[in-house]
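Chain nomenclature is as follows: A, B and C, assigned in order of appearance, with residue numbering initiated at 1 for each chain independently.
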Amino acid sequence: MTTVPILTGRRLPRWSTPVVAAAAILVGLVLQFGGISPLGLAPALFAAIGFIVARSTWSWILEGRRHATDRLMGSLVVGALLLALVPLVWILITVAIRGYSVMNTEFITGTMRNIGPRVEGGGIGHAFVGTLQQVGIAALISLPIGIMTAIQLVEYGRGKTLSRWISFFVDVMTGVPSIVAGLFIYTAVILTFGFSQSGFAAGLALTILMIPVVVRSTEEMLRIVPNSLREGALALGIPKWRVITFVVLPTAISGIITGAMLAIARVAGETAPLLLTTFLAQDVNFNAFDGSQTALPTFIWDQISRGTAPAIDRAWGGAYALILFVLVLYAAARVIAAVFAPARE
Amino acid sequence: MTAVLSGQAVRPGDRVFSGLSLAAGVLVLVVMAAIAVFLVWKAIPSLTTDSANFFTEQQWLPDRDPPVFGIAVLAFGTVLTSLIAMGIAVPIGFGVALFIAFYGNRRVSTALGFTVDLLAAVPSIIFGLWGLYYFMPRIVPFAEWLSTYLGWIPLFRNDLEIYTKSILMAGVVLAIMILPTVSAISREVFLQVPRAQTEAALALGATRWEMIRMSVFPFSRPGMVSAAMLGLGRALGETIAVALLLSAIFEINWAITEPGGNTFAANIALKWGEAADNGRSALIAAGLVLFLITLAVNMIARWIIARHEEYT
Amino acid sequence: MSKRIDLVDLDIFYGDFLAVEQVTLTVNPRSVTAFIGPSGCGKSSVLRSINRMHELVPGAYVTGEVLLDNEDVYGVDVDPVLVRRTIGMVFQRPNPFPTMSIYDNVVAGLRLSKRRRRSKDLDDVVERSLRSANLWAEVKDRVDRPGAGLSGGQQQRLCIARAIAIEPEVLLMDEPCSALDPISTLAIEDLIHELKDTYTIVIVTHNMQQAARVSSTTAFFNVNAVGEPGRLIEIGETSQIFSNPRVKQTEDYVSGRFG
């Protein structure tokens, strides 16, 4: 018994993708070494576009419009992904190479006291102290406020109109530009209440940026604490606030810590609000409440604005330290999240 | 006989604790209101002395006597850089999110999601530094290409033949910076599409792309709009990278490959140090406008998402 | 129209896990075949292997053969998109496209292949499909309204209309009535009865009365324990399976002694 096959369409052979890719790379290489750039396009770009066009056209001829569109969009999606990864990799590599070349003990522990822009040397010790203090202040204030707000949203105010407004504005608050946070602290704390520009003011500006992040992450963690746990404890006659502090929070604690670390990582890199709320110092100042204090981001900013070769080298060194600080926090947060994640079965 | 069940209706511990949590929540609302109030209050002194129209004036000389300043140039630069950033970041961000949700296998997708999120962790000052010394020199040829081949469009004309520190450059770097926002949010939205919907399309004989058009996009449209708008919100308020990448000329110039451009945020950061009292007040006024714009953008975006969630 | 299906030595995997083992059976054209068996025995997996929906689960694959009139559904040159067009599917929960009207839901499959058709043609298809799905009378005045506004039973019939609008050879139904009330269930059963003159139908059901009512052939699957592969225990005429099963397990199951 013979039948006409109805399930087989004409399809691109399996080897089509590597072959077209190889051809495109070949063309790219020829252009590269021949020094030709058709239409002024860089050879790599030309090869990539050529690959997509060639494969889609071949597919159209053989498989028809629908499969050709599918393949075209598929390669665009993959292309978008690769394109998105380029800057990340590029930045990380650049910072690693440029920053590593200025790393030494003096750079990590030293300060910029008596170091002019044209002189090599100096260090980020003072900036590191500033970052730790300013971010520490921000964390000390925003963590309790953020966690309590999340408790209000999840434990006490579920479904209430006020909670819905708070929740909405927490989301909107994540979108407040960092420079506006700086302006707010300047107008409210410095102009109105007469505080001086200081590390503390900078920490307050970071607080504004940190609160919504803490609320969101804590809220998410509280929501995945199973209700049966709460009900079980309440049924034993334990007051609600003790249920929250002794049952709910401990259950969610690893997630809350993760969120807090991500929030710290986020604000540690902020520059703009610090520029409006502190003056820059060249030496260590352990007192965040008085006098000027530099943090890592403002150190980088300061060095870039000096523009000399040694200063730019120092800026890269600062960038290296800052990104390391942020990435370590980030990675540690992920590890904590992964290790202590409640088993989801 | 003593009543066993009656006592204080609410225990003091509970009252204190719930009071504290309520206070914290209300504080969020108070802070948002306070931002508006203080910015308005401290902006008023300069606004009353401004001898020019605050919205249309193209100069920024608030510390001169009489003060002359306006936000026309800032609004122009802010909107244009943000639009360029959106034009690039939104399609690419959606592409990344589609890959993670529908193309990659699970392990690759989680790893990639994490990697793209890392981009969000890179501080803006580092984007600025890298953009200034590495990225900008590398994309000058692209700007040259635009002005060579598309120079007949006024937007791409370049009479100066200098291609650095332009609105285009700032826009492209901004695009990279808002990409993780767009892709992370649209990824969440895509992952929420019910399997029943995607399977319905595939069972009708849809290709993967047709499945995306048929069951993913209609379902995700509000979320995609919000993702784009939240990206826009970030682009509008981004300060430091833009401050480093624009030449901060106070002039409206439509030729986006020429040096120039200025934004609300960058102008505040750059002028703050040298500004006297009225100058700072004027910068606060500019910051107020920026705050109101981003507030509107974010509120609309969040409102769209919230309505969408109610629905599903 | 309507074709025969042969499964030959079919093994179904989810990654390393062998979910169903060595299924060999034949589904006759223009008839209704019911798959019954306890939960987890692999009925859905077998069904989804027939139109290659199975492979959409990450890591999932099959070995063995699925033949549609002797043509291997898993052959090298076979286009899975064409397979799914030829073998339609109705799911457990009604899943009309929520943003589309009733009309657009019905023609969703057709619009894929023909970019623009004369609207008159489309109108005819919509009416014909909705009539075949016994839904026309109820919705003919509101085909432009959203499909999500219908009752559960109506939505399920809309999904059937959507599946038959592209004129498949085979219709696979995975517990199509389990989310529906008794009256809607009856409507769907009547519909299956009418459709079997045109299509090859395979239906998975947990409801043995339903299997007895709608099918001419019944296949019983079973699984010994969780984590072990499911198997086909017995296949035969429905009347024989229910009144005179050859295997003890089948008898236990159909008489309600377990499962």
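Here, a residue touches a chain if its C-beta (ideal position, glycine included) is under 8 Å from a C-beta of that chain, and two chains touch if they have at least 3 such contacts.
Since this is a predicted model, take the numbers as computed values, not measurements.
The touch graph of these protein chains is complete, with an edge between every pair of chains. Taking A-C and B-C together, the chain pair joined by more C-beta contacts is B-C.
Averaging C-alpha coordinates per chain places the centre of subunit A 14 Å away from that of subunit B. Distance between chain centres (mean CA atoms), subunit B to subunit C: 48 Å. Counting partner chains per residue, subunit B has residues 207, 210 touching two or more of them.
In subunit A, the positions touching at least two other chains are 66-67.
Residue positions of subunit C touching 2 or more other chains, listed in rising order: 81-83, 86, 112-113. Put simply, subunit A touches subunit B in their complex at residues 39-42, 66-67, 69-70, 73-74, 76-81, 83-85, 87-88, 90-91, 94-95, 144-146, 148-149, 151-153, 155-157, 162-163, 165-166, 168-180, 183-184, 186-188, 191-192, 208, 211-212, 215, 239-242, 244-245, 265-266, 268-272, 275-276, 297, 300-301, 304, 312, 315-316, 319, 322-323, 326-327, 330, 334.
Within the complex, the subunit C residues that touch subunit B are 51, 53, 56, 58-59, 81-86, 88-89, 91, 93, 95-100, 108-109, 112-113, 159, 162-163, 166.
Subunit C meets subunit A in the complex at residues 68-71, 73, 75, 77-79, 81-83, 86, 112-113, 115.
Those residues of subunit A that touch subunit C in the complex are listed here as 1, 3, 5-11, 65-67. Contacts from subunit B toward subunit C in the complex involve residues 105-106, 194, 196-197, 199-207, 210, 214-215, 218-219.
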